[in-house]
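Structure in structure tokens, see below.
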Amino acid sequence: MNAKLIRAAIVGSTGYGGVELIRLLQSHPNVTVTSVISSSTAGTPIAEGFPHLTEIRTDLLDGLDIPAIRDKADVVFLATPHGVSMKLAPQFLEAGLKVIDLSGDFRLKSGDVYKQWYKHEPADKALIDRAVYGLAEVYGDQVPRTDFISNPGCFTTSALLGLYPAVKAGWVNPDSLIIDAKSGVSGAGRGLNLSAHYSEINENFKAYKVNKHQHTPEIEQVLSEAAGRPVVTTFTTHLVPMTRGIMTTMYATLTEPRSSADFVELYRQFYEGRKFVRVRPEGHWPATKEVYGTNYCDIGFSVDERTGRVTFISVIDNLVKGAAGQAIQNLNLLMNWDETLGLQFTPVYP
Amino acid sequence: MNAKLIRAAIVGSTGYGGVELIRLLQSHPNVTVTSVISSSTAGTPIAEGFPHLTEIRTDLLDGLDIPAIRDKADVVFLATPHGVSMKLAPQFLEAGLKVIDLSGDFRLKSGDVYKQWYKHEPADKALIDRAVYGLAEVYGDQVPRTDFISNPGCFTTSALLGLYPAVKAGWVNPDSLIIDAKSGVSGAGRGLNLSAHYSEINENFKAYKVNKHQHTPEIEQVLSEAAGRPVVTTFTTHLVPMTRGIMTTMYATLTEPRSSADFVELYRQFYEGRKFVRVRPEGHWPATKEVYGTNYCDIGFSVDERTGRVTFISVIDNLVKGAAGQAIQNLNLLMNWDETLGLQFTPVYP
Amino acid sequence: MNAKLIRAAIVGSTGYGGVELIRLLQSHPNVTVTSVISSSTAGTPIAEGFPHLTEIRTDLLDGLDIPAIRDKADVVFLATPHGVSMKLAPQFLEAGLKVIDLSGDFRLKSGDVYKQWYKHEPADKALIDRAVYGLAEVYGDQVPRTDFISNPGCFTTSALLGLYPAVKAGWVNPDSLIIDAKSGVSGAGRGLNLSAHYSEINENFKAYKVNKHQHTPEIEQVLSEAAGRPVVTTFTTHLVPMTRGIMTTMYATLTEPRSSADFVELYRQFYEGRKFVRVRPEGHWPATKEVYGTNYCDIGFSVDERTGRVTFISVIDNLVKGAAGQAIQNLNLLMNWDETLGLQFTPVYP
Amino acid sequence: MNAKLIRAAIVGSTGYGGVELIRLLQSHPNVTVTSVISSSTAGTPIAEGFPHLTEIRTDLLDGLDIPAIRDKADVVFLATPHGVSMKLAPQFLEAGLKVIDLSGDFRLKSGDVYKQWYKHEPADKALIDRAVYGLAEVYGDQVPRTDFISNPGCFTTSALLGLYPAVKAGWVNPDSLIIDAKSGVSGAGRGLNLSAHYSEINENFKAYKVNKHQHTPEIEQVLSEAAGRPVVTTFTTHLVPMTRGIMTTMYATLTEPRSSADFVELYRQFYEGRKFVRVRPEGHWPATKEVYGTNYCDIGFSVDERTGRVTFISVIDNLVKGAAGQAIQNLNLLMNWDETLGLQFTPVYP
């Protein structure tokens, strides 16, 4: 083992976010996962619940023993549900670890808004203020100055990378935004639930939490910053009979006539030098499988002169750019490494 | 065979629309399918290309011999591509058969609009005017007075049943309509195409023909009638990794404050007595599998006070209500039978 | 309501077997479902848990009140787990109802064998002896003489309809039988379980209960009867990423040279007059979708002269011929009606 | 670019085997892909037909110009159909390139057997004899001594890694072997075909080429070598509604009593030091998703004392260990590199 390596711990490793962190970090050149933590199944082999890790991870799951983890790790990823992260994050920070939290607990700056959408008491205000919101391609320059990152939501990442440059540039009316999102089922996690039961999902397409999804205020918080004034949006989420992938189709009214090519140009400039955003040429729209297993967010446009609207389409792998991948990208930024380190995968196709 | 029965012929029976007509008509109490026509494979057993029909249809496919069909059938269903229907329909009408056409050839009243979206010369104007547009729950009262029905498109049916009552009532701004549609792959037919190749579709979600789909003017034609003035809409189509089903999510700005319950009430009144539209109670949205294999169109609503918009969700089985089922419903109306005759299936679930 | 109708009750209607009984019986000409029973959700609308039944079943779920059910029903279908059926069946029989049980509780004649494979105490021996094993195409002639039917297992039905005629005829060596079965996931029921969680099943293929499946002794019991001596088999079950359908591929050594055509002929004779078994011609093998939603069992053969073995392939819809459909077929036989009554569906394809 | 790198060309890069070679080689530390060849679409960007490669491969497809390729590459992978490889391989060998062929053209030592199963004239006998059959874990020691490798078939790899040690050890009767294989659809390639059309495959399970698959003689050739005498097998292939993955379930009669644990031990010894074969502990069987996107072959066992048979289950990703991955593993062996170089992926799960 190399003395220069960062040592990482993962809490919540029996869910899909945690196990995806393991997959991605296995090939990271600068990071070793030294502790994989599950309070419920501590002491059993990691590969028992996830046989695909047979002979790849031969160690046992650790319990949630913070002093012990402090001795083994420099950074901790919290792949824990909301409500749990707000309890763990301050303990790990106090123990001197860098913390990257994948839950929704530290994303919303307003505790009242958190309470309204999550139906749960918010985290401590000082802690919320301390967290840097790690939407890497937008706020990545703030990441190196922190030890505490709040990783964005999956839908949020897809919607914001699609809308932010246009709203910031004033090319679209912020009051006109409609966001129609479609997600694979892994976003619902590994917890048992009738709405993730195979026979209920397969050969079926569903809408859920219509106008009620907790990523709504997260999207609005960032778009309001971009617009320089409060923005509300219409946001719908759907479940697609597939495991991975989010497509977000977004609609906005143009503030003045622009072509699809104009949008391509605007976005290419905005994301210049950012390898994980691939802006597609005019007339091409990305499909979810084209980013499968990777940290890419691909974006396409269609301006319709008949209606004066623009349609944006963005796709991500919800478990990578929408969770574990962006968390590692944030670690890279935090460590002042190349943001693509350990994340240069080619999409698995087909 | 019963002397009172209507005898039906089906042209284009080697596609999914044609074979679905066979499935549905097998159990229709008043209709016998006496001729199944395929010019390319005439003379071979129907069940050869569709082994699920083994011992159900033991007859051979007929060739396209109009005098012969005239002797065997009273009504003909044209499950043929656009461009083909416009050639066949006048010949069958002249031969004295009732014609129900499932293609796009006779749906648009304006030849120019047809040419613009279909990139094909339009049908004869007199023939277009003769066709009754068979959106059964909206224009069904015109059907009994004709011998020539133009069956609506699949996306169109889903979008129009979802939007028509609200636009007609003036509850939404017709300039604000955004239609985000998602379809199973069978809508693309049985013709070989990379975009319907299994490995390209499975575990993938795609947009296609963004702002270019040929059902756009069909939707706008009917909504313009409802609004009493020209309407243009933003319309996006997506491909879902499943075989059957369309969900259409639609967005509109309210003209004055209304609740979801108001919409439920409006739609229940509008569709009163029409068995195939099931308006869901407030807070419930239909999923595609809930209408699988049937002629139902289920509709749900969500009004968002924050944005002043209403979200409509409608689902159909694209091969039934979106094609073969509505065609049979139109035959029922045309014959002055109960419109549900032979179509009273319970959805296959799961 | 027609005085000639049989009134049916369904217990266990919140599982897939129960809801499939509802679907099929909705269109049965001689049966009305008067009571749908769920002890856990009694008093709520049937359509609440199964929205596809909206406006089709508007009644409420009944509790398990046997005197009340006796007043409303002539026959009861038990779509209950093993262990539960053995408690309910005697109570309904005593109340004078005909009972059709879909569980494994009364299929095995030996209590010891039951205990060994089900890890549960067997039912009362007298009750087991009273039950007629309803493999309709093999033992259907015993059904009219009973009021108590034990409906076969799904894998069992597929395997036995595929092997019985050949074993009975002595054309294959009973010691050589290898049964490789593949099932859609709905066979695992609606109960929550990680092994039926969407993301674990989709784009995955698994084996399970290798050499341990509880349908093994059921298959062997019938094949032993056919062979006239004890038979043991090798039986493997696999989970296919699809909802419905079982394919069973079976292997046997020929006792003397025969051709595939010989097998086609043998099976056509054996199943003569039985509409639900479709023996495919030489060189054709059925696929599961070709029986989707129906009570068919389709069978194909391939004799290999190189190895002296025959390969049998049979397919069923596990929820229809493998459960609810065969149960209704047994009711038809019990009532001396045509066995196809209410079951003449055309497969949903595609 | 590093002077020490091997330069590789890929022919047939518009199929799934070719594009998987690109994916895997992108991250190989010692290999640069300098030419991607498609005679039909030469001159167009690689990423045009495969948009997932956007910004990853920005070069154009080359035509089939052997002198030009000789100047750019040291090794060529032929991901071409049988019949084509036999024409190209000698030309590339003569030009001094190492050749790794993924087709079936050089796998069978007997031209007569090739002709019988492939219905095509065989390749030149001298060329066939020159090719080393690259079943890496069995014949890998022969690979470093050659410049011409014939990469095994996908089903073959799965079946042989599962059966070879047991047959070689004499633990099973070679006359009793029954091989029941199930494959994802990508094995059928990217060529358009009704049997790979989405709506025909989804929610369907099919058998095909029963007793006729061209991998049969390839399996038998190797097992005959292992057994020291001619072996014939019963081999069935099925299509699973998924994109990637093969499971092969294999049955054999024990020559004397052994336990599952005995088999685990035998296989662990046989495959000692070979990282890509993971022998599962007793009572565990692998699922296809557990090797998704990787070069692993996982194997499990179940001995049944009742029948005296053993059931073997092996899984691979058909496009990796079954094609492109094993081809690269062979290149590694040929170059005397660690066989895992560039292939150390963690399975994508879920």
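For this structure, a couple of remarks:
Labels A, B, C and D are assigned to the chains in the order they are written; within every chain, residues are numbered from 1.
Note that a contact is a pair of C-beta atoms (placed from the backbone, for glycine too) under 8 Å apart; a residue touches a chain by one contact, two chains touch by 3 or more.
By chain, with names taken from UniProt: A, B, C, D = N-acetyl-gamma-glutamyl-phosphate reductase.
Predicted model, so just to flag it, every value in this text is computed and none were measured.
Here C-D and B-D were compared by C-beta pairs in contact; the pair with more is C-D.
Residue-numbered contact pairs of A-B overlap by over half with those of C-D, the repeat interface among A-C, A-D or C-D. For the pair subunit B and subunit D, the distance between C-alpha centroids works out to 46 Å. Centroid to centroid, with C-alpha atoms defining each point, subunit B and subunit C lie 36 Å apart.
For the pair subunit C and subunit D, the distance between mean C-alpha positions equals 39 Å.
Counting partner chains per residue, subunit B shows two or more touched chains at residues 16, 186, 199-200, 202-203, 241-244, 287, 289, 292, 350.
Subunit D contributes residues 16, 185-186, 190, 192-194, 196-199, 201-203, 241-243 to its touches with subunit B in the complex.
Within the complex formed with subunit A, the subunit D residues making contact are 16, 19, 22-23, 26-27, 50-56, 186, 202-203, 243-244, 275, 278, 280, 284, 286-287, 289-293, 298, 344-350.
On subunit B, the positions that touch subunit A within their shared complex are 178, 180, 182, 184, 199-200, 202-208, 210-211, 232-234, 236, 238, 240-245, 247, 249, 251, 285, 287-289, 292, 300, 302, 304, 306-307, 309, 311, 313, 315, 350.
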